[in-house]
Amino acid sequence: MKPTSPVRRVSGTKQGRAAPVAARYVQIRAVSERLAQPLSAEDCTLQSMPDASPVKWHLAHTTWFFETFVLETAVAGYRPFHPQFRTLFNSYYVGVGARPPRAERGLWSRPSLEEVHAYRRHVDQCMAKLLTASAFAPSLRALVELGLHHEQQHQELMLTDLKHLLSRNPLRPVYAPPKPYPRVAPAKLAWLAYPSGLRRIGHAGSGFAYDNERPHHRVYVDAYEIASRPVSNREYLEFIAAGGYEKPEFWLAEGWDVRSAQHWNAPLYWERHRTLWRAFTLHDTQAIDPDEPVCHVSYFEADAYARWAGGRRAHRR
Amino acid sequence: MKPTSPVRRVSGTKQGRAAPVAARYVQIRAVSERLAQPLSAEDCTLQSMPDASPVKWHLAHTTWFFETFVLETAVAGYRPFHPQFRTLFNSYYVGVGARPPRAERGLWSRPSLEEVHAYRRHVDQCMAKLLTASAFAPSLRALVELGLHHEQQHQELMLTDLKHLLSRNPLRPVYAPPKPYPRVAPAKLAWLAYPSGLRRIGHAGSGFAYDNERPHHRVYVDAYEIASRPVSNREYLEFIAAGGYEKPEFWLAEGWDVRSAQHWNAPLYWERHRTLWRAFTLHDTQAIDPDEPVCHVSYFEADAYARWAGGRRAHRR
Amino acid sequence: MKPTSPVRRVSGTKQGRAAPVAARYVQIRAVSERLAQPLSAEDCTLQSMPDASPVKWHLAHTTWFFETFVLETAVAGYRPFHPQFRTLFNSYYVGVGARPPRAERGLWSRPSLEEVHAYRRHVDQCMAKLLTASAFAPSLRALVELGLHHEQQHQELMLTDLKHLLSRNPLRPVYAPPKPYPRVAPAKLAWLAYPSGLRRIGHAGSGFAYDNERPHHRVYVDAYEIASRPVSNREYLEFIAAGGYEKPEFWLAEGWDVRSAQHWNAPLYWERHRTLWRAFTLHDTQAIDPDEPVCHVSYFEADAYARWAGGRRAHRR
Amino acid sequence: MKPTSPVRRVSGTKQGRAAPVAARYVQIRAVSERLAQPLSAEDCTLQSMPDASPVKWHLAHTTWFFETFVLETAVAGYRPFHPQFRTLFNSYYVGVGARPPRAERGLWSRPSLEEVHAYRRHVDQCMAKLLTASAFAPSLRALVELGLHHEQQHQELMLTDLKHLLSRNPLRPVYAPPKPYPRVAPAKLAWLAYPSGLRRIGHAGSGFAYDNERPHHRVYVDAYEIASRPVSNREYLEFIAAGGYEKPEFWLAEGWDVRSAQHWNAPLYWERHRTLWRAFTLHDTQAIDPDEPVCHVSYFEADAYARWAGGRRAHRR
């Protein structure tokens, strides 16, 4: 993502983690709205596949989180903004009751994007009061923390899902204009060696962490080597040119089957224009920059590349 | 459809068939826009199943017809409104070139509803010039006629497809407010007898007719009886109450299989609320009016009802 | 079908329609067994698609018909051969009770082919006694008639289903050896003209007829022309060579979609070997005989051929 | 598996690992045939789902392994038993060439079971000669070892796949008669505590090991407790009785979705007969023995049980 794109604050908020929660609430919630800002209500309503959700749904669901888990608990006599939103914008919290099938999120033209924004304002006002009140229970604070990180996760999904949606449109809509940025040729690839040993991974501190970052625990890691930088598009293009997508000997059996069934011949969003490769991006379709790290490759493609490139060597003991 | 609903002119235009084509063009095109008027851009963009299309697509596709088959032929040097609309809004005219799969019409947030309206205005202006010009070839006139009837067909589809879309929304949106209308108890059902004989069916005149209304031809019809009026909801409710949906002896084998696979127990859009049946309509969910004709029944349900009601008697010769 | 193939009596029995029912019962039942005779138990057990049934199932189901509808009705205290066969070999007679899904008929290795033959012998013995008894109700006789025609229908299906099954085997098994037969060049195709008029179709006599052959009724048929003989393979090959399968203008829209989805480029069972076409048959894969009538073409292919060949002319009135 | 069932030698061969390879070849190959011995050719030909294979296919594929990887390499001028078997019985060794889709293995009535047995005898004779020859390369010996373990894996699959097939037959065929065996009440369940530490896992010796048993490597294991014996049917029945299958709080989200889509309410092959549970087995349908370990539970069911039973405790640090 380029520095001045609408998403610039996604990472920006990381610096502000020490700020008071009320301030960070305002800041993070605003990012979601800034991400949706270049989009029409129509853009925000569509769902391009069952695994993706409409932007409007993301905006509502993240709000539903604060309403359901914070306001309904902490505010005596809280009246929900809309009686059906509790069900409509529940994602997978089975304990909260029934929820519509995920694949049907793209069937709802109502509530409108405008109503969802009103929903956000309503909840934000209630949250502002709560967060600035003197008596603010630590258990509640943890829930708010969780809600904010939850929203940041959905900010990533908004862009991911949107990219897929726009890519399915023959008009190839542009989300935001491309920005010039300094091209840097990648350093020569080296192999960094690490000795075997017991390591500690996971979240150790007292601050927020996702459940899958916990617990802090030890693992034994055998001696290994790792490349000094990501694989570049130039290197990946060599794999393609060498017939990497046509040679089963580089692929796991399951990967080969998926490749065949889905006719893979390049990373997702790549398109061949005669002899040239271009990629659909949120900033218009662009020529592949050979110096950038390759992206939108599946596990199976990464595995096949690594085997082809000699990066998966036979075990030596 | 109630008299003052937005669709009232759909049938109204029938009376105007003698009007000059330029006037009828304006009148019929306006109906499409009036039908879409109560809807948001979001409502117009969604597709609820492969067999249905978004309202926005209907608005654009009917316009595409005039642009592709009339303007491109009749206007020297005509420049299409948008270079990709020719493909995007082609439905099934294989001769006009490739077209996107029908099931993907609901993936396009662009062009926006606003752009589609601009597309309509642009084509309408060009058509107005053409239709009022002195030299207006008869072959062209036939195409314009076809385009107007084509648009009227799509006006029906707009409402049909919209009804299905809104019915899938848990919020049960209301397209237009219900209007009071005089309830009339159905007359006592009688059987009207017709003798056998050669009849003429199909379109005989020189005016417009759909291809499936032609040619005018003779058929031999055996002696038969037909009910004097449609089956009412009250009569159909008796069929339901008598276990009609649970008794295979009333159903064709294929109908029974569909009924079982899709769990049919009432007409489409009917919902049981305890002991009461209600139906989702474009004018809010309403209690079933026992005096209205039953609707939204499939061929298989109509056949099963008729057999249950004794309306499909053994052949008598 | 060649004259000395195992199926020769399928049509042969037509001549014996006047024979006493007991004799015809023996004769027709023997045909089913003769058809299965060249097959292994394994051949008889497989089902290659939901629309087809195993040969073993056909052998049992036709027997089930006589047991269920004749013996259980006419023989006091009749004890079924096997208590579960009534359900297992029910096809679609919903009134007789539950039945297993059609697509699961190929999951049953038991009863064995040998047991099914024993089932046939048991029912045949009981039927023999019944059919030769002095008191033999006419209503029963009609059911036996129906059962015999039902079995003849299934004899056709046995070969049809078997052909599909064997065609899916890479070893290309041969059901019966090919026999030499006189090749006759087709006569020059002429068009026979028929005047319009009222005609009578359907079964008029008092003998057996399938329900879809009744009632005898009148239809009005417009004046038409029909070819004097079936289309030959040579003629159909010209359609293929002329790109008939690649030109949407010859196809109905629905036919074109099926053609595309299923990659049709020739009749079912045809295979191109370089420049030559061969066809999989029950008598080994054979070079296409240009003089034989084309077969295994769908409605859509026949329609496209007819349009290409000028056989579907615009209506003239 | 009961001691005198046809499969008793599956584990028996483990003791014979030290025996000469020629003797073990004979012994292990004989087990496959003994497993198939109670089955008809029809039983051996069917495939009940894409993930399972016909017993006949297992018998042929394990033979194909020796023919393709051993005989074709080691025997100069070896002529394959059948030119098409190389393709027909290839499972997933992409390097060996094309192979038919897995789901079509159940479409082949030919080769017959008898031919497959002849194929086995042919390959076994060639292998016998080879294995008793004086010059026998170590690299070849490793391949034969692999082939024998490969066959033992398929022996397990033969029974697993067969069980599924027979369970789909409404006649509930019995593979082998049940045998009395001593019932032993399970010991009281205790929790065994293990300290944290570095452990070594994987195959360390020089003998045969599957590729997924290698390499021998170290892992760090945190302190944990494990039950002293498997969960019994009695204990699992308590989980069912407590509504374990109806309470989402015990299930992983993905598990809950599968449970719902597939209507799970008990382990695979369990059937409720009024208040009693019975299980389909290869030795007839039997009452659930409360003292036996529960089996045929998926990962998701095991996980839900463990959470319900308190065996998945919150992390303690």
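Each chain gets a letter, A, B, C and D, in the order it is written, and its residues are counted from 1.
To be clear about the criterion, a contact is a pair of C-beta atoms (placed from the backbone, for glycine too) under 8 Å apart; a residue touches a chain by one contact, two chains touch by 3 or more.
Predicted model only: the values in this text are computed from it and were never measured.
Under the contact definition, chain B and chain C share no contacting chain. Homomeric contact chain A/chain B is classed as same-residue, with over half of its interface positions used by both copies. Here the CA centre of chain B is 57 Å from the CA centre of chain D. Centres computed as Cα averages put chain C at a distance of 42 Å from chain D. Within chain B, no positions touching two or more other chains are listed. Remark: chain B residues 40-43, 45-46, 48, 84, 87-88, 100, 104, 106-113, 165-166, 168-171, 173 touch chain A in the complex. For chain A in complex with chain D, the touching residues are 92, 94-95, 196, 198, 214-220, 222, 248-249, 253, 256, 315, 317.
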